[in-house]
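Per-chain residue numbering starts at 1, and chain names A, B, C and D are given in the order in which the chains are listed.
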């Protein structure tokens, strides 16, 4: 399963001295960018040259464990559902194997010029299909 | 129903020139702070003097309409569910009446020193009970 | 002198429980946006319809007093220097009259399409000239 | 000279589709954290165990070249001035060798409990002294 990592920063914490939860949502988007970058499709090129955008239309997160600055957060990425014009990505953020947060983010596929929904084209459909693991989010929650 | 508003900023947009979705999650937290502040319980005092924290443990968002910088975003806040040691807040962000995003955020009630879950104490329980509207999130989605 | 205000948020603080200093730089940009908005030139229109952008090319800040969440920060804005293709804005952030931070931000005037420097056009030149107070930054530092 | 790097993200850009300048200030703080981490003093430990904080009291930045998402930004870090209770760090952010921004950030050394200024203690004084390059900022500006 695809995995990336990032370093949690001093400024990512809030008054309660844990990572501010909207920043954790940002971390999931960083992992989404890395997923494209590391599979031969630099995310900037996907948007600006290929002309396909992936706005979030739905978001679901379970926060299970505080994330603190100085920690290296690892994030696993898979495709939970592959639709015609949208896909749901699954994410598991963990700290040395202990799950800190689980997320599902549904993204629409749009043309960057029209800003309207389009069918997910190749080569993205194949890339997503290779990482398809329906039910994986549920199985993680059951543990 | 309680409502607050905020101004969407130049720096809230991302490369796609719409508000970056983790920033929209931040907007909901701003509305949560305002909800306390405007009901006689300054949020900072709730945390630092009363000693109760409200970390997000679950988050669900439907993004329905792009939010752009320069717009005034209005956010309605209610309590969707009131449990013993947690509550689920409902949020509707709208632009001049048109729904831009709906969210439910489940927060645990913790003691700021122990960082452990505690029963939601007065006067917060009464405040939340006054704003309880179970099923309101669902009714908005059905429209 | 033009003044605007903003509310410091829970998520604006960092691990040291004071506003993270890059967020304070963001606050100055919010005041810059408000300066345009409140003088009949909505900043979004300035950029997207009039086609003029104002990227920061220089930044200087003195942080004098911690800024904490829950506080209402007031920010005064003036023009410290008005050049041909650039201008330097002065900012004083204060908490109930006590200076928390002083800043000067030099912005270039660019055409949004060419991204190249252009002469500051009307009506912006007149607007800036009306708020010109050369030496005001220095006078504040001397106090 | 110490150098670290970071990846510029989709959400770091603003409406003008370049990295929002307060985010660039954040990047410099990330480099400051890395400087401690990579010299055997994890920044979190410096603050929470050793009990020394380093709030910014002065900030000076020259922005020379737009920074865009998808780019790897390299940041060089040195000590421009080493005082008794404060130090000025110099930063050069570059994209494949081309300078994008230069900064000087003056930090005070404080005790995290008193929040008052203290003399920079060992081992930090020695670490800073090893990286002392007075005048380096000026020499870069002259080029």
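The criterion applied here is as follows: contacts are C-beta pairs under 8 Å (C-beta built on N, C-alpha and C of every residue); 3 or more make two chains touch, one makes a residue touch a chain.
What you see is a predicted model; the values in this text were computed from it and never measured.
*Asks:* Farthest chain from chain C, going by mean C-alpha coordinates, please.
*Replies:* A
*Asks:* Could you label the chain A-chain D interface same or different, taking same to mean over half of its residue numbers are used by both chains?
*Replies:* Answer same: the two copies use largely identical residue numbers here.
*Asks:* How many degrees of rotation carry the C-alpha atoms of chain B onto those of chain C, rounded to the nearest 5?
*Replies:* Roughly 180 degrees of rotation.
*Asks:* Need the CA-centroid distance for the pair chain A / chain D, whole Å please.
*Replies:* 29
*Asks:* How many angstrom lie between the CA centroids of chain C and chain D, rounded to a whole number?
*Replies:* 23
*Asks:* Which whole number of Å gives the spacing of the CA centres of chain A and chain C?
*Replies:* Computed from C-alpha means, the inter-chain centre distance equals 35 Å.
*Asks:* Please set out, as single numbers or ranges, the residues of chain C touching at least two other chains.
*Replies:* If we look for residues of chain C contacting two or more partner chains, we find 10-11, 15-16, 20, 22-23, 26, 29, 44, 69.
*Asks:* In the complex, go through chain D and note every residue touching chain B.
*Replies:* Going by the criterion above, the answer is residues 10-11, 13-17, 20, 22-23, 69.
*Asks:* Where on chain C is chain D touching in the complex?
*Replies:* By the definition above, chain C touches chain D via 15-16, 18, 20-23, 25-26, 29, 44, 47, 53, 55-64, 66, 112, 115.
*Asks:* Using the touch definition from the top, list the residues of chain A that touch chain D in their complex.
*Replies:* 9-11, 26, 29-30, 33, 37, 42-45, 68-70
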